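One chain, chain A, appears in both complexes that follow, with chain B as partner in the first and chain C in the second.
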Partner chain A sequence: MSVETEGVRPLGIGAIGVVIALVALPVILPSVTLASEVVVFSVAALSCIFLLGQVGLLSFGQGLFFGIGAYVSAVLLKEHGVGTLPAIAAGSVVACLGAALLGLLAVRRQGVYFVMLTLAFAQMGYFAMLALRDVTGGENGLTGVPRPPLIAGFGALANSGAVYALLATLAFLAYLFVRRVADSPFGSVLRAIRQNEARAEALGYDIRRFKTAAFALAGLLAGLAGGMHTIFLGFAPPNVIELEMSERLVIMAIIGGTGAPVAAFFGAGFYIVMADVLSALWPRWLMLIGFLLIAIVLFLRGGLWGGIAAALRWARDRRHG
Partner chain B sequence: MSGQVLVFQLLNGIGIGMIYFLLSVGLSMIFGLMRFVNFAHGALYLVAAYTAYVVSVLTGSMLWALLFGPLVAAALAVVAERLLLRHTYAMAHEAQILITFAVALIVQESVILLFDPLAKNVPVPDFLGGIVFLGPFVYPAYRLAVVAVSALVALLLWVALERTRFGAILRAGSESAEMVGLLGINVQRVFLAAFALGGALAGLAGALAAPLRGVEPFMGLEALGIAFVVVVVGGIGSFTGALLGGLLIGVVQSVMSSLWPEGARLMIYGAMALVLLVRPTGLMGRA
Partner chain C sequence: MLQRRTLFGAGAGLLAAPSLARAQGDQIQIAGVYSLSGTFANVGDLLNKGTQWAFEHYGTGAGKRINYTLLDDQGDPGRAVRRVQEAMGQGVKHIVGCTLSSIALPVAKEVHARGGVYIHMAGADEATGSECNRASFRWPGASYTAVNATLRPFIERNPNAKRWYTITGQYVFGDSLLSNLKTVLQETGRQHVGNSYHALSEREYSGYITAAIAAQPDVLAVCNFGNQTLDVVRQAVSFGMKRNVKIVVPWSTGLDQFQAWGPDICEGVYFGANYWHGVDAPGNRVLQEVVRAKTNAQTNYLQACGWAVAQMMVEGLNKAGTADVPAVIGALEGLSYQGPTGTEVIRAGDHQVIKDYYLMLGKARSAMRDPADFAEVLAGTKAFQTPEQAGCRMS
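Entry: the complex of A and B
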């Protein structure tokens, strides 16, 4: 088996493209709010793409960690007067710890059983949120969450542009982080597990430990997205931790494609913009998403990004050929 | 909680549990037979419940609803299997999950399109509208009828699985579909029949549940979650497991919901996670 050993690639065109896209997004899209939403869900979709693309784990439970991040940062902002950055950081860390704990259990099962376990955890999270009404606000969520300066009174988030700048920066860092992890020796072991679990185990890698670590990292990303969502909305609605959130994140990941981290921006961007454009025209647009999902799984396994990358390669070959 | 209330909740739990059994046994069967995870199973329950709603509004008769609900659900299952699902048997589990999940989404949105997102009441049939005296207890007749009908269907299903050639093929198929194919049996047709039967049973569950809980477009997703719990707790591919699992979950949910409503759901999903971790073959499953 060839475990890739190419080391860290230069950031190159991909990263520059992401920066340009992040800067252009609020200009292209009809509102900064929409751009912010795209950026938040890109990070959440990145969590699913990392799990599926790197380790081959399908999780119907990433909404749980998104929700944990959202609620933890909302409680800290609202009740404890914490700055924006520490609140988001704490949400990510708690989600990461939660994912490490549940991951330790979930990776003991494989395939369908793993998927069902993540689904059970997601449902438990939702009903636990309802049961902890005093902390989470139950079905009302946590309203009136303030948007304080970044840290210790510095860096005021004066307008939606400043909020977007913060969210886009965090999304870019998350993207760089996932690329760095993918390029590390740790990342190549994860891909070895995805390609052939038995062989990776025979090579002496402790599969469960690697999977748990990957699950925890994915939890960190989902929790980060959750914290960003709270800042974006100024509100932690109960739907951040619903099973439907987990499903939405999976849909975004599949539509974008699981082959590369950059696909997260395509998946989330497509979904959010479609939701915005189509829901005004036809409230049942999710039906179209259903058909698209089937078409992608049957005919375009690389998702939107896979299709775009193939088209780019084809154009380049034609030019050189 | 007084004894009277406890008995009442216990009886309710048995009724709900039987509906859970009907809902889950097809999912379990299909997974056992072809290792196929059907995330669209809840959609069959949803479609049948809405069929029951329409039929009972049009004809005023719940009996027709109980006939048409399962028929429509079975027809939908057959169409989905023929057009789409059979092309995915060779794919990875993840692909099957995503495709059936997309089907469930499409069905759910179609229901909202045809009706609206609001919950609707389905009337209890006139002749079952009354109450029954069970010794010192008073109990709604319809709920008792649900238990009777589903027990009868469970019995028929058991006979069909254990005492007929078709049942023998189904059971053999869940041991090894390949071997059954080598013995000259058309496995594709067995798969189709399993989908039709599973669809009809989930449909009956939906039609029976409609007067108890009303209908709304998201009941399919909820039912899918419950069916997973029942199948996992009972043991995948096991008839007895689905029956025991259904009754257990129904009774726990019913009794807990009067003690600690949020905790009821937390507990049943916790039970599912626990069984998956400690004994993944379920209570009745074989290793």
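Entry: the complex of A and C
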């Protein structure tokens, strides 16, 4: 299963599945807040899946854009009395612009050099956060961020259920957005670049421009997730912009599978719920996640979603003889 | 929300928080926020044990049986806040724990916003300064206390130590120690001849140590904590600095660090510490007895810290005679009790515990009376900023 093949299906089937999952999450998980965390990181993982699945770019810098979205939203909410939606939107846009700027540099290199550049950007972002302590709160993070109504005094976020409804709606919109991009002519060119960059260039496409645009869109998604994270927690912790955050998002993407946007929900959900379960069993639970990652890379290259899709195909083939 | 979970997700909910689900009216639910997994698991485990042993020892608070629940924050501030939100959503109002400022500060805000009471052991000055609030209390002294309670008595004992060099971890806590140190040196007429910053990721310090030797100081002060402090001191000693330079570590965790160094390194080095097992005080004797029964060893700082925050909660509950949060907060403010360092008082103005911070001197191996007798206490000082100086405006 890939973004490409999913793109030719009717949008409604996948979308209905995502809606059902989003409605069911707070019911089947032990708490609404756990469901909220899953939804936030699904959007963040979606940014990695978009880049990797659509263009073939492995970025270890998505944590930087997640952090930018989180901090910009937090500062606007705390210091400028902006409504929730404008704050999240501003965080997303700033992250998008940041990604576009850094993308201009990063896409000049390919393969491991591109990866190293994104790693370097992520590290710089962390130290910039520390240097701008008066704005970001430094190592203590930015605490006491309010949750004002959505916009212009309307749409109060009175309880965790209301917060979840907002986050789930935004996650659904992000999912639709990625599917729409994948189905567009722009998405077709991105896939062409992923499959054979030299041939796409020979056909006259400006590879760098397309890659930069994809990097910027992935930054927008990561920034959106960062803003959602700030609303969810009511503060911006320093680890939102740490390198470890970038690694975590890549791990979620690989666990879920990079072939389809819906895999982001599987990857984030599996990682977060497993972290809760495994940490209660063994303090070094991250090692178990490592083993799991190795197993998925070796035996389930399409990730969890790839496995599920293969099982569904197998069942369908059996039914049709 | 609870009803919906009860109806549809009871199984999963009970798996996630079994003790919370069994809460009864004759019990009081107290939660501890510690890093039991992830990067800081080794620290969180000892802190949690101290807290757990204290609640086991006291058994009840305000006449109700204490039901202690651990919330594993996994060393992640976001996860810590989420766990606290969940626990408080299920009715927990009394929360202790957390040594990491990046976790304790947002947890303090969350607990305050949701009408609970929180006692922690975070190191950031802001916890009882600009970020103080009515719901939050802190047991250990922070960087101002560490520097003032270590340097001033050291300077009194070593009037000829005029020239100081510092090696500082480049982050908020290291900078905070350094700026407090510079102030003390200025006020006491000492000369700060140089400083080397190192990154948090560094493990090799020979370049900084040779720079320090070249500056010909009388004193080398290490402004950091944890494993990096261990490595800096170890390498400074191996470079022979102890021969003609006094080494001062304003912030150490005491016994566990001394055990890691061993007496050959500790000998002649000055340390600052929030707790020392050898202090003869009624509260410490109780703590020592419990820990010895559990581990057959001396109490270290982390265990004492975990114990102290739990003891404060119990003392507050007992004084209030009820678990009602405003009453407990009121009872804690100004409370005097026999804690691990002697008589400790919770200052009402900023909710900081006023207690001794120790200047210690490492002993020679031959002078040790037992395997844990690494250092002698030279001074115990209560050095705290006033709430106004700290910038606390209680909300």
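Simple rule for what comes next: the second predicted complex is superposed on the first by the 311 of 321 C-alpha atoms of A that agree within 3 Å, B and C clash if a C-alpha of one lies under 4 Å from a C-alpha of the other, contacts with A are read in each partner's own complex, and residues count from 1 in each chain.
As a convention for this text, a contact is a pair of C-beta atoms (placed from the backbone, for glycine too) under 8 Å apart; a residue touches a chain by one contact, two chains touch by 3 or more.
Keep in mind that this is a model prediction, so the values were computed, not measured.
Taken together through their common chain A, the two structures put chain B and chain C in a clash.
Once the two complexes are laid over each other on the shared chain, residue contacts for A:240 go to chain C alone; chain B is not touched. Touch criterion met: A:112 reaches chain B, while chain C stays clear of it. Look at A:27: by the touch rule set out above, it reaches chain C but stays clear of chain B. Of the two partner chains, neither chain B nor chain C is touched by A:162. Once the two complexes are overlaid on the shared chain, A:286 sits against chain B and chain C alike. Judged by the touch definition given at the top, the superposed model places A:294 against chain B, while chain C stays out of reach.
Looking at the shared chain after the overlay, A:140 reaches chain C, while chain B stays out of its contact range.
Applying the stated contact rule after C-alpha superposition, one finds that A:130 touches each of chain B and chain C.
Touch criterion met: A:229 reaches chain C, while chain B stays clear of it. Of the candidate stretches 132-140, 150-158, 168-176 or 240-248 in chain B, only 132-140 runs into chain C once the two complexes are overlaid on chain A.
When both complexes are aligned on chain A by C-alpha atoms, chain A residues 130, 133, 283-284, 286 touch chain B in the first and chain C in the second.
Put simply, chain B touches chain A in their complex at residues 31, 35, 37, 84, 87-88, 91, 93-95, 97-99, 101-103, 105-106, 108-110, 112-113, 221, 225, 228-229, 232, 260, 262-263, 265-266, 269-270, 272-273, 276-277, 280. Here chain C touches chain A in the complex through residues 1, 4-5, 8-9, 12-13, 15-17, 36-38, 41, 45, 72, 74, 76-79, 81-82, 85-86, 89, 101-103, 105-106, 109-110, 113, 124, 126, 131, 171-173, going by the rule given at the top. On the chain A side of its complex with chain B, the touching residues are 52, 56, 58, 105, 108-109, 111-113, 115-117, 119-121, 123-124, 127-128, 130-131, 133, 243-244, 247, 250, 254, 283-284, 286-287, 289-291, 293-294, 297-298.
Taken together, the chain A residues at the contact with chain C in this complex read 27-34, 36-37, 130, 133, 138-141, 143-144, 159-161, 229, 232-235, 237-240, 275-276, 279-280, 282-286.
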